[in-house]
Amino acid sequence: MSALRNIQTTMRRDRVFGFLQPEPDFALPVDTSHGAILYVEDVSVRFDGFLALNRLNLSVNEGELRCIIGPNGAGKTTMMDVVTGKTRPDTGRVYFGQNIDLLALDEYQIARGGIGRKFQKPTVFEALTVFENLELSMASDKGAWSTLFHRLTPEQRTRIDEVTEIIGLQEQQGWLAGSLSHGQKQWLEIGMLLMQNPRVLLVDEPVAGMTGDETERTGELLTSLAGDHTVIVVEHDMAFVRSIARRVTVLHQGSVLAEGSMNQIQSDPRVIEVYLGDET
Amino acid sequence: MLTRRLFLSDWGGITVLVLLLAMVVAVPYANLVLPPESPWHLSTYWVALLGKFLAFALLALAIDLIWGYAGILSLGHGAFFGLGGYAMGMYLTRQIGDRGVYGHPELPDFMVFLSYESLPWFWWGFDMFWFAMLMVVLVPGLLALVFGWLAFRSRVTGVYFAIITQALVFALMLAFFRNEMGFGGNNGLTDFKDILGFSVQARETRVALFVISALTLIAAYVAARYIVTSRFGRVLIAVRDAESRTRFAGYRVEHYKLWLFVFSAMLAGIAGALYVPQVGIINPGEFSPLRSIEAVLWVAVGGRGSLFGAIIGAFAVNGAKTWFTAAYPQVWLFFLGALFVLVTVFLPRGLVGIFRRRRTEGGA
Amino acid sequence: MTVHCNAPPHGRGWHSTARRDSAPGPAGASAPDAVAAASTQPTGLRRSRAHAWFVAGFLLLLGGSLHAEPQILASQPPTTEPAMTTTGFTIVAQADPYASDFFDPSLLDAGAEARETETAEADDDLLDEAAYEALEEAAPDVDLLIQRLPEGNFNDRRAVAEELAATGDPRVPVVLGALLEGRLLATAEDPPRILIRAETGRAGRDALTGEPVDADLIASGRRIPVHNPLRNALRSLIAVSTLSAPDPERRATSLRRLMRDDVSPDLLEYLDDRVELEDDPRVMDLLLTVRALARLNVDDAQVRLESVELLRGSLLSEVRVRLEATANRDDDPEVRAAAREALDSIEARIRFFRFTENLFFGLSAGSVLLLAAIGLAITFGVMGVINMAHGELIMIGAYTTWFIQTLMPGALSTSILLAIPAAFVVAGLVGIAMERGVIQFLYGRPLETLLATFGISLILQQAVRTLFSPLNRPVQSPDWLSGTLQVNPVLALTWSRIYIFIFAIMVFVALLLVMKKTSLGLKVRAVAQNRPMARALGVRTGWVDALTFGLGAGIAGVAGVALSQLTNVGPNMGQAYIIDSFMVVVFGGVGNLWGTFVGALGLGMMTKFLEPHTGAVLAKILVLIFIILFIQRRPRGLFPKKGRAAEA
Amino acid sequence: MTQSPWLKSLRTPGVALALTLSAGAVQAEDPIKVGILHSLSGTMAISETTLKDTMLMLVEEQNRNGGLLGRQLQPVVVDPASDWPLFAERTRQLLEQDQVDVIFGVWTSVARKSVLPVVEELNGILFYPVQYEGEESSRNIFYTGAAPNQQAIPAVEYLMNEYGIERWVLAGTDYVYPRTTNRILEAFLKAHGVADEDIMINYTPFGHSDWQSIVADIRRFGSQGKPTAVVSTINGDANVPFYRELGNQGISAEDIPVIAFSVGEEELSGMDTRPLVGHLAAWNYFMSVDTPENAAFIDKWHDFIGDTRRVTNDPMEAHYIGFNMWVQAVEAAGTTDVDTVIDALKGVTVPNLTGGMAEMLVNHHITKPVLIGEIQEDGQFLVVWQTDDLIPGDAWSPHLPGSRDIIADWTPPISCGNFNTVTQTCSGQNY
């Protein structure tokens, strides 16, 4: 615990001469002996006045495919920001496995440590080609010096080609990402996620703006990923959620409203009132 | 293989390099070998002028590297340019030795009449060329390292970064204006005698300096090319276009920015060092915010994000400046101002942008 | 004032006796200070009543803070002064018996004072008449002397003047007074006719005979030149003779003069007579001080001791100097000790006033920063436009001031007041033009706006150079904007600074109201927060942008009006402020007017409190470095905007 | 450092070539070229534009009177844009490209320092018209402005004698001219028995605008019973706020007179003069000086510039003197060849505008009268004092430890700008 405190203090952003500390550049040894890979405990986030997360509690098991739903402003994205280290919560704790305090780490460490994230609005590096996008995301030494003199190994090439195939952008591999269609960008970003081969994937609205069969393929992809990866999907599209979800968590006003199988959720009166109610 | 990577589809760059090499050959010939009456003779005035442009081009290159590829706009690169220049100036001043007007064996003239007893510690070692050259890169590099670390670590970006770099260069200007600083105050350092034993006045030395500047510029260009075509370079573009995405891809963005910033600062320092012996004076004027912003304009005019564009821009704008201030002094500022406006509004990608095939480039 | 003039004689008698043998309290002591201040600062006087409210506020502020200064309290036995109650400022005076230490209420009678000085000229002419009537028979030698005044150089003139003064001829004070004020003329013929031009009008009188002469003759006369040393000499020469002038103002002035060139003891009897006759309490206080100073030279140690006692409260520099001398050189140890002790008590108070002064300097420096930066807080803070031409908008405001002044010479005050709205409109229009012409194409590309506006700034500068020469433009300040509020001899606050401080606050409040209360402000904030949404709600965003930018620019123009009263009006003036302004806004926190307010005053204070220790340049550098480091720690300034928008 | 042989071999012809260049200009019967090197843009344009016009006026007049050596004069105007390195570049352009026979120009010290090596290298002639800090004498530069002993020292003496000043504030902008001048004055004052605590020295940055604290200090410093004066070497834009603050804080010229070395008619025309009235300035020329030469000069100026409100000032007179000296020297030498003219210039005597004669001394400085004027409401000066005879300019101040034994004498046998009379050596010139 005290060790963690130390890390926490040394990594504080306002620590000016932190760079004198050796950079803790490690693939995090995650301890998931109790099955759970992600704990969110009592997390609250407040943006001047407005309470985005209100004592949120959430726990996701390894290899699980978890869907998180909830009306706008329920705090879905904020939750992801907290987990990936973009937003520092005012209170609460976030653990990766039992042993790693994510609040003590920076984004890049969390990412290297095995938590990948896909944004709500697809963000790819538009001035780079599809190939380069995937190459950059690839799990490898990402220190400044090594990238300067980096050469691609054949294995890495084949890995990139595999992923390109998975996301079905073979013929676009040489294109600038900026010239892809919306759906293709979504796929590319998922592909970049795969290149990182993370333990946990946080996927924010993967099928927004996708055609029917694109949506279907995405669903298949995500389900296939679940198992050796843990997948957390935030989605509005109830049909999609129904099609893939095993376990669903409903957020409302920054805290968990209900959790369970899709059927339980749909039958839950509170959920119907605050959420499904709106839809019908 | 490497050369392929460096120059593939960089026709502009190749052209510029060829031109530079041509100058390296032609200028010495035209100045030293051809007799003055020959129509092709190039007077020393032009040699010095072109040499100055080369130094500016190097500065522009340094700015383009961070602005064009990492989206970091520094309005304070004059600081590094000036520091490099002062390091060189201090060396040249020490070379004067006892030939100063007061004939003091060690102290520069301005120290004699400000009645210094002995040489201040920060002047030690500058009588040695290698030490001075080391300082030319170290001092700007160090400043960039500390400043950059502070800034990038706390994610000071875009506009804020631009403004505090401006504050930095402004502070330096005020500081160097102070005579207590021991750098000659407003007068700066001047009346240099020789460099490495060659008289700085001699035409051969000037030509030599010109050649060295040109070669340095070429080397710097190749190095910069290497960086931007490496994976490092692609990370930079990623940072420029989608910084937080890059973070989530596991990159420590601030490190990339920092190292690039330091490298760029060092290039600027070298540019300053080449500039000083050719113009024969270094003074706090180099730190004036106007200078730094003007340098940014060179890059904007040439075309940001294409290294050779910066070189073209530097030559174009300074050429225009030389011509205007000689022909129509009053018009010059109007022209310069208009240039700023027009380029930013109508020509976001500069002269190069006209020729190059359209590429989607975001960022600032 | 008038109260005193027709006060009953016994009252007067009591008054003076009360003075003579009771050690006066602070009020008594500081009254001469006030007169001193007043007489050196006629404009300050003329203004004072109008500013009573401000002074009162300032006084209460000081009074409040003073109680924190024990040694000062100790040095001041509380006392109620008869003088106090006559001042028309009774409330405050009684509210704080030490009030008069830092502020003399009698200043507030300046209104009346002013009326007197206006009538004074009339009195003068009467006085002159009197002088010539007092002249029984012709004094040819004196006439010759007067006619020799034009000859030779300044030193010859001085010699003649001294001879004249020695004659004791009644005309001499009049003639020398005229010479002093440059109203003494000499005609070309030989021997020259010496003429006196009246203070008002173009007519005058003959200096020898006193009979009036016509304007043409006056016009033909050449002014007899005087320079500073001669002026000084003349003042001393006529000082004694004007001790009996009807106008208390003149009496005070001459007493000041006597105080300067230390009084010779042989003048003592005359001073004693004056004390008997003096009816103006403030002149009386001054008179007593002068006499006390004179008495420091007498042989009787007891008398010297008394004088020291009487002088202890005074802050006048002359008094301090003399006390210093006494403390060091007086042969009686008791007197020396008393003088030293008096000095220490004075010094203690002066230290406090130094601090107050610094505080004021800081505030006023801050208010200038505030004025310069506040327009930027709109364009940069609210709209995110990096307007590098901000400084040039300030310059435009200043030039507008100059232009209006040249349009209406003579009407200084009105021209300044007119300039405020005018500058707002002109600069505002330029701003709108900039926004429509260039900036609107650059939203969302802040760094491009930076470059473009920088270009505009260059164009504006050069435009000014070509339109009205590269030379600076002379902008004059009306009387009420120059001079000082002489709180007491050691604490003088310059009016221009005071006004600019108040003005800055007013502008700030006005802007605050516009942003918070008006529909424009609402729309501005709406657009700033969510452009597309605002547009969807039917806000004409383009129009709002233009107006907002215009507003920011206009305020910059108004700042220009204020700055034209402090510094150069020239093509380069803008550049002096641009960087500081940005520092203030960034330091205070972008998009937060209060941040700008606190930032400006804070930085102003910091600079001014550093300056005494580090010097001007280093202070500025340190402040810059401080800001740079501060931004590292708090990238969003003092009062950051939080929220997801800000995070991204 | 050993030089590579090819450089050695190249150097000698190089130098020879440079010499033939400057000589080559003389033969042809084309017009004589007069280079004018004054900033027409940037911050210094304020002061320098006027001098450019002055030169054009003088050249035009000379041409009207039949030119020089039967040849017309052709002015070559360039703009160094207040940019110090650019000054050096433009000088090179004038001497190498345009091959001018003489250059008139430069205002600031730093610009002169930047030009100096070029003029010496290319062996040109530069007439420098502005009062400066001294401590310099170049074979190729002629200093027609005042040296410190022709402005600062007499001014201080005047204040000592006429005003009986005992306490001194030396206030200046932080650059070389005020620094040097104040060091000289400090030494001078101490030599005259002024105690340390009676001297207050203060430096401010260029364009300093917030004078509150400093003026308050001056007020306190002046209220210690001893007569006090301010000797101001404050430069350009900083003056307006300075005098304003003085006026506002109620410091009159009678209490604490300020004597300035950089405030002249031109500067005053851009100020609200009221706060300055009664304060002093020391120059070698005032527009208000009442001599026929001056009257004629002012008329010429007004005709040329077409605006009777324009003023004349000291640097303009310096150019007037310098130009006439050069013309005389060229006529005497019968050629514009630089070396001949430089020799011919020594001892040349021409009338100045204040009724005296200015002589070019062997140290390339000239003799000048010193005038002290009180500022009047109309922005003119009332001359209150004037040296009885002309004062020769000192290149090296005897009051500075560094330059006490240095003299400048450009006549044989010394022929050196900084000759150390103790060591009998001439330093700095050996290249």
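For the reader, a short list of remarks on this structure follows.
Going by the order they are written in, the chains are A, B, C and D; count residues from 1 in each one.
Keep this in mind: a residue touches a chain if its C-beta (ideal position, glycine included) is under 8 Å from a C-beta of that chain, and two chains touch if they have at least 3 such contacts.
As the structure is a computational prediction, the values presented were derived from the model and not from experiment.
Averaging Cα atoms per chain gives one point for each, and the point farthest from that of subunit D is the centre of A.
By C-beta pair count, the most extensively touching chains are B-D. Averaged C-alpha coordinates put the centre of subunit A at 73 Å from the centre of subunit D. For the pair subunit A and subunit C, the distance between mean C-alpha positions equals 66 Å. A straight line joining the Cα centres of subunit C and subunit D is 36 Å long. A straight line joining the Cα centres of subunit B and subunit C is 49 Å long.
Residues of subunit C in contact with two or more other chains: 462, 465, 617, 620, 632-633. In subunit B, the residues that reach two or more other chains under the touch definition are 150, 153-155, 174, 177-178, 244, 330, 333.
Shared interface positions of subunit D, i.e. residues touching 2 or more other chains, are given as 41, 174, 203, 205. Within the complex, the subunit D residues that touch subunit C are 41, 43, 45-46, 49, 162-163, 174, 202-205, 207-210, 212-214, 216, 219, 223-225, 237, 240-241, 244-245, 247-250, 253-254, 257, 266, 269-275, 278, 374, 382, 384. Across the complex, subunit C meets subunit B through its residues 384, 386, 388, 438, 441-442, 445-452, 454-459, 461-463, 465-466, 579, 582-583, 586, 617-618, 620-621, 624-625, 627-629, 631-633, 635, 648.
Residues 1-3, 7, 10-11, 14-15, 17-18, 21, 40-41, 78-81, 83-86, 88-90, 92-93, 96-97, 109-110, 113-114, 116-118, 121, 135-136, 174-176, 179-180, 183, 203, 205-206, 400-403, 406, 417-418, 420, 423, 425, 427-428, 430-431 of subunit D touch subunit B in their complex. Those residues of subunit B that touch subunit C in the complex are listed here as 73, 75, 147, 150-151, 153-156, 158-160, 162-164, 166-168, 170-171, 174-175, 177-178, 244, 289, 293, 296-297, 300, 330, 333-334, 336-341, 343-345, 348, 364. In the complex of the two chains, the subunit A residues touching subunit B come out as 13-14, 16, 18-19, 23, 84, 86, 106-108, 111-112, 116-117, 119, 123-128, 132, 135-137, 139, 142-144, 147-150, 176, 178-179, 192, 196.
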